[in-house]
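Before anything else, here is the set of structures, which you'll find just below.
Here chain A shows up in two complexes: once beside chain B, once beside chain C.
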Partner chain A sequence: MSALIDIRDISVGFVGRDGRTREVLRNIDLAVAPGECVGLVGESGSGKSTLALAAMGYLKRGLRLLNGSAAFNDTDMFARSRQELERIRGGQLALIPQNSGQSLTPTLRIGAQLREALRLHSALPADQHAAKVIELLGHVRLPDPEAIVARFPHELSGGQQQRVAIAMALAGEPEALLLDEPTTGLDVTTQAHILELLRDIAAERGMAMVYVSHNLGAIARVCTRVVVMYAGEIVLEGTTRHVLKSPTHPYAQGLLASIPKLDDTALPIALDGRPPAPGDAGAGCAFADRCALVQDRCRTTRPQLAPSEIGGTVRCFFAEEAGRQQGQTIGAAPVRYAGGGTMLDLDDLSISYAKPRLLDQLLGRGAAVPPTVDDISISIGKGETLGLVGESGSGKSTILKTIAGLLPPAGGTVTAGDRPLPRTVEHRDPGQLRQIQLIFQNPDDSLNPRHTVADILEQPLKLYFGLSGDKLRARSAEILERVRLGAHYLGRLPSQLSGGEKQRVAIARAFAAGPEIVLCDEVTSALDVSVQAAVLDLLNDLKKTQGTTYIFVSHDLAVVRALSDRVAVLYQGRLCEIGQTHQVFGGESHPYTKVLLGAVLEPDPDAAPTLAADDVVERAPPERGCPFQRRCPRRLGAICDTDAPPWQSPEAGHAIRCHISLEDLNAD
Partner chain B sequence: MLMRRLFLGAITVWIVSVIIFAGVEVLPGDACTAFLEREAQGKLLENCREAQGLNRSAAERYFDWASGALRGDLGVSANGQKSISELVGNRLRNSLLLAVCALAVGVPTAIFLGVVTGLRRDKPVDLVFSTTAVFAMTIPEFVSATVLILVFSVWLGWLPGIVLTSAGAPVSEFFPEIVLPVIVLGMVMTAHILRMVRSSVIEVMVGDYVQMAILKGVPYWHIVFRHALPNALLPAINVVALTIAWLLGGVVVIEVVFNYPGLGRMMIDAISDRDLPVVQAIALIVATVYVGVNLTADLMTMVLNPRLRTHALRGS
Partner chain C sequence: MTEIAATPAENTRLQRALGVLRDVMARPSGAIGLTLVAFHLILAIISPWIVPYDYKAMDSLLMLKGPSGAHWLGTDHLGRDVLTRVLLGGREALLVTGIATPIAVIWGGLLGIFFGLVGGRLDEVLMRVVDAFLSLPWILKMLVLIVTFGTGIEVLIPTLAFFYGIPVIRIARAATHDVVARDFVSAARARGHGRITVIRRELLPNVLDTLMVEGAMRWSWMLLAFSSLSFLGFGVSPPTPDWGLMIADARGFMSFAPWGVLGPVIALSSLIIGINLTADALAKALGIDRAQKAPV
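Right, the complex of A and B next:
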């Protein structure tokens, strides 16, 4: 069978400021047969998205085709006329973009955007388009398609937007789908549902898929063949099983080892260093600088992509050694909490975003809607790490903001050490401000782009310790050293740092204050897995040396597992379960915890997620009863809607809030 | 939401009126001393103050003035003893005429050129118009006005160089005298709007949803008109609004250079005559126009931008 997509010897590059041509893709061959599903993996900057877009004959502004061809149905996309391209794109060859929220035109209704796709690419008569749109939306399992048609993109949730994008791609009945990180940024449950949907659709229509992702768990679920890219070239290619179970390239091994796993209590192993910038790969192997097996030969000669005796096609001189060495290194054990006094105490905390209306204010009434976060009582020990998990909208970040004093609570108190904290930062004294530090998800937004690393670090040092002159300089350098960045980083601006380095600077800034409590809000979510492992390792190290208390918020359960002593599970701003990490992650659990755990995608071709509950987005918590009542797969009946569930404790330190008896919870 | 904006707009105008009144109040002298000049003493001054009602408390006078203004009665001028509303009426119409002509020429030109330069970014057509726009923005209006008068009026003799029509003349008599002032104003205005539209178009055209439209196989012009422009032109609304307010507020320099009988020149004349009631009235009108035009622009943006519309409806 001839290939549907046949990319041959393609090189893509841009002209740098120095006038040199820098290659983003280097001599890549990739063939995809009809109905086949191929995964493209690699760190950011590896060229995987560029390759997928090149398959459509499209290059981002500034990029140029240097060599090669990208054939679709035997004709090079780069040689086709504009009319032909317009016919094929979105027709036989469709794209599902990374961020559907930004890829849907904000001023056009969903229905109009889907009808446009039909008008361009379907043979249906125009009077049947409206019905077809409804059918497509139903097909991607969007509830109430008739209402969705009339909405604008911003009125949908992330998962719904992604489904609309899938429906739009299906409108042209494509032979091949290109998926550019289609589930990145979505909740675990939504992601699992979308992937199942894609699998079903691909199987049902015999579509080929090229799935670009840095998420090996997603790749494992959808693809039969995986291509690993590094610095613009393919370093390993093989069946999903081969690449994920017994990779023969040191980079692929490193990538796998850096992924935290649900059933693994050790920290993931960081892949040190960073990939070369485009055009800087040198004459030898691009991975040489980061490779444990590197020899002199690797630095002078570029290895060729060749079939390996133990399976797959690999670009490495030492593939066999790499294969043998597989799985020998074990990650560091995380520092565990050994007990100690209470550091932070949340007592009956409730937080509301709803502002009471003027009339209610005058009459002294509170807001009519239930508060966003309610009834949170958690006590955290000194040096303990508490993981907060839940889907987006569960109130994780809201709680952190309130502890940090950025959002006043509607009720309840926050006590740090032995002193209750004033409600907002304006009323806290410098000592209390220093005590609690917050690290944000995205360092691009939390670091001032016009401040050098030195400026960023010196601020807390001046503010809290009154340092100046040489002392200030020396202390900044020391702190930078502690996050494993050299003093030569002091003069740099955030734009001159990689994503991982920026997040380290953000961590350094938090630790410069000498805090007792550090609040981590999705600190690794914007980072590559290899970098994520390094950041987790760093946080663990700081915990060891500083005895810091952490609250670690993440939607990634495996990341939470790696670092936390205790875990609290939140749904709609209410606690469902809290306990030691091993208690929450194993044994009897709240039905919601089970839903979350079931949706986790492991980088293992044999693991399948269990999808217990629909990925519905709830706008507000129910007024009475259990917060999870509308989605619970194990709903008992009316009691769940009317009565607040009781706390039940299967073991010391473990509490589950559910009407179902402990034996029944366990029986599942 | 709408009521709230209207309410805030009204508050703004009220605060401005207080500031204007207080500003005139703290000036040494009053309308009578200004009008009577050297004879401002003794019985004459007292009589004048009596007639103008100046011997009452400031609060009372403010109330009279403000409630009069609400009814459209802006008082009488100090020197001519004529109704200010009548005086200003003609001038406002003339300024409006100038503004409408300049807008009718400038806005379509600016949007067209802005879109063209934005789509043809860094191509010759973009370089030519973008550079011209920078020149048009930086050359002071009185310079370009003088040059245009010199070329078209003095050398070529195609158009009259100054306006001789009186303030109360019918609209038709302002042509062709109005052409040169319109060209000068249009140039400055076009330049501002053009640059705004251009950068907005560039931003939208490299955006994710335009890339998605390309990869969905949407034909180029379809992308431009359906996906890009409705989004790219939203920010232009506010720039256009600012320009309108600027034009209606009386473009003082242009009106003086061309001797155009608009609000701006009336303001200048009133200031030099120390006709304080007229100054007060014009300042209030200009402030109201600014608030009104900006309010309209915000409402238009809200109607045209689905994202803001939802927020407004949910009644944030």
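Right, the complex of A and C next:
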């Protein structure tokens, strides 16, 4: 017995409407040794989650096993009885899903849920369960386990919920863990902490892990071996170092090139096109249509997985050429701000979600709690791109909503051009409305599913320019061309588009208004990395041709770095630091900026994140002093709790709000 | 960019409706359901011309006779042909509920959308009133109105439309809440579209699907309610044939003449099952049911 998980020649598929069987997984072999950690990467739809679930003997509804087996401890999971599966799943073989908040039972306290896991999957006598629960919660580094036991899942933050899920998986003393995008959707700092935890636990217990993720940075941190999947098959397999440093498959190269990196000033390179739908891969190489090295042979013959000279196995006829070519293309240079008048000015802006209590209302007072966003003064030049960064809850999106007029400010003013903007959309004139456009995070939510692309684009054109008839149609087509979609997309519904295409339509809708200011709210975070690169490239192009001013909100610092001229760092709705991108990302930094930068994961097995501060989520800003006082790794003392820190400027255009002197900040 | 294989990319309203209809028919539940409903509707329209006997014609020599060549479903306690009365017995019910259902869906839907949009405290207060109303047994509420205003189509239609519109408020409000929270509504607001445009263009198309399915469900409930009222003697007055009334009349003789009950029972339940199956398939075709969708 060598492999713990031994998947042999597995094919999984579903029967489509047309009666054809469409394969989601095609003849996959995967063996995981005890204690080994294997990463599964690929774009969405590549079959990576399906493969991980198949290792449990589980297939999503509608899918069926077409061929092969998935052995765990030498017995095929698909051949086991229901009782056996129930015993193994959650016991020897545990799953940690992407969104633990949804997999925990909302009406049961954390303690009860963990005790249930122990009752089902551990040999421990019942009277020791309570103590074991505390031990498990401590093990996943949850502060104050005794208090957590009595909480309900909704009372925990996303990171804490994920830790509880890990504790629950550990309850059965598993031999292997299956992790399905366990850190996607978490803040960078939380993500880095969870990954460190997983690394340590796996090493300590000699546990095997199958780690599914689209994030190569996360994979680099926890996995020793990486399997790259494309269109339901393995295209490259090798050690993490081999796959990330010298990938021999063009797809893996493209995937790596599309990741924005912190130390890279050029834009990431987009991987054009999209993978074939299940069952549409044809006779040749599934990647042929998107490959730069494609030859006639690739379209007619399917390459087989073969050992590559550099190491690992690869499914490509031209692996050697691919290996040589690696890292030769350079991404487009981002358009830089050349100076110009002020376009948008935020003056002492504060925003509050809290409603004043009835008594306060009667007395004409505002709410007693500190405002969600406070004391924001930023001036943005014409054609400049400002990046807004911070963890979730830092008020980034809230500020965009206020600028767009969807949420009235509690105090302060927003000035666009030379005119102050009325508080909400209802009071703004058509010129002001047209001037500012907002692009949302998730195009599935921001495009009406019942409107065709034409309907969607025509709305701003009719509203702002009064176009109709042929002119309207022609203009819509022209705008679509500008986001690199053809006019034949006009008749489609959002459900007939891919994720990247949807976001392009959303971008096209914003640019249809001919805006001067475009607010981008996490516009790439719902997209695959390859698609993200294409969207960043598009935004950069539009900036070049339209001279648009952007405010670019993101929790991903590398993405912000790629596009921004200036960066503002927010914590709990308060500014910590603002400056030119190179100033914020290097030299003196606010302790919070340092924490954020340290937590960034690079797709490099040699880069380790530094975890300076706890990943505790604060629900409200402190009433006095520095907003970062409770988590700051470089706290000075009482002064941080009582006095608002002063703005200090190391050089022109760079300002840091901290009590620590500039020399000391620099010394770090 | 690679392009999606040339799918016919016309998405007019008519094509969508036809697509949904095709989808409904492609499902076993939809095919069976729609066939049953269509069968009943056609029979209700043509029955006066195809019935073998006069529905009022009594024959004291033929009381409670079992099925025969002359009377396929036998005769009732007054010697009337059961088949004739079953064929005609759904006309009144379909007419009344066919008018009352759209009224219920329209007024309940409009009010629900309004509540959903207003939100806040007013919405909470009004919804508690709705809840209070829903907590009373429906038959009680209806009997009060019918006893006060009398029976007859002119009372039954508004009564049914009123009471069956109330649950629609709930559904429409919930659907509105779901849609209002979505970014495309914020996007339309941020662009500066007027309130009416936002409701008409962004909200309604997404709420209407839910209301359509809800309407079908309400229709089947209403048919059941109408038949129950007839059964209790508050619906159709004799001698007009009606399934509820026929069941009431024949139930005393069920032990030795079950055909008198069986005919109308099968007719009524097949219609209701047909509507429910159709509603089920419709919900699936429109993608608004809770069951899982196809993988990938």
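Basically, the second predicted complex is superposed on the first by the 667 of 668 C-alpha atoms of A that agree within 3 Å, B and C clash if a C-alpha of one lies under 4 Å from a C-alpha of the other, contacts with A are read in each partner's own complex, and residues count from 1 in each chain.
Basically, contacts are C-beta pairs under 8 Å (C-beta built on N, C-alpha and C of every residue); 3 or more make two chains touch, one makes a residue touch a chain.
Given the structure is predicted, the values throughout are model-derived calculations rather than measurements.
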{"item": "Side-by-side fit of chain B and chain C on chain A, or clash", "value": "clash"}
{"item": "Contacts of A:Arg492 with chain B and chain C, given as first, second, both or neither", "value": "second"}
{"item": "Chain B versus chain C as contact partner of A:Glu135, first or second or both or neither", "value": "neither"}
{"item": "Contact breadth on chain A, by residue count: chain C or chain B", "value": "C"}
{"item": "Contacts of A:Glu321 with chain B and chain C, given as first, second, both or neither", "value": "neither"}
{"item": "First (chain B), second (chain C), both or neither touched by A:Pro106", "value": "first"}
{"item": "Touched partner set for A:Asp664, first chain B, second chain C, both or neither", "value": "neither"}
{"item": "Contacts of A:Leu463 with chain B and chain C, given as first, second, both or neither", "value": "second"}
{"item": "Chain B versus chain C as contact partner of A:Glu146, first or second or both or neither", "value": "neither"}
{"item": "Which of chain B and chain C A:Arg61 touches, first, second, both or neither", "value": "both"}
{"item": "Where chain B runs into chain C (options 153-161, 171-179 or 189-197)", "value": "153-161"}
{"item": "Contacts on chain A seen with chain B and repeated with chain C across the two complexes", "value": "60-61"}
{"item": "Touching residues (chain side chain C, partner chain A) in the complex", "value": "1-4, 7, 9-11, 182-184, 186-193, 201-202, 205-206, 292, 294-296"}
{"item": "Chain A residues touching chain B - in the complex, by the definition given at the top", "value": "53, 56, 58, 60-61, 82, 85-91, 94-95, 97, 99, 102-108, 116-117, 120-121, 152, 154-155, 168, 172"}
{"item": "List of chain B residues in touch with chain A within their complex", "value": "206-209, 211-220, 226-227, 230-231, 304-307, 310"}
{"item": "Chain C-touching residues of chain A, taken from the complex the two chains share", "value": "14, 24, 45, 60-63, 272-274, 278, 289-290, 404-406, 425, 428, 430, 433, 437-438, 440-442, 445-452, 459-460, 463, 484-486, 488-493, 496, 509, 513"}
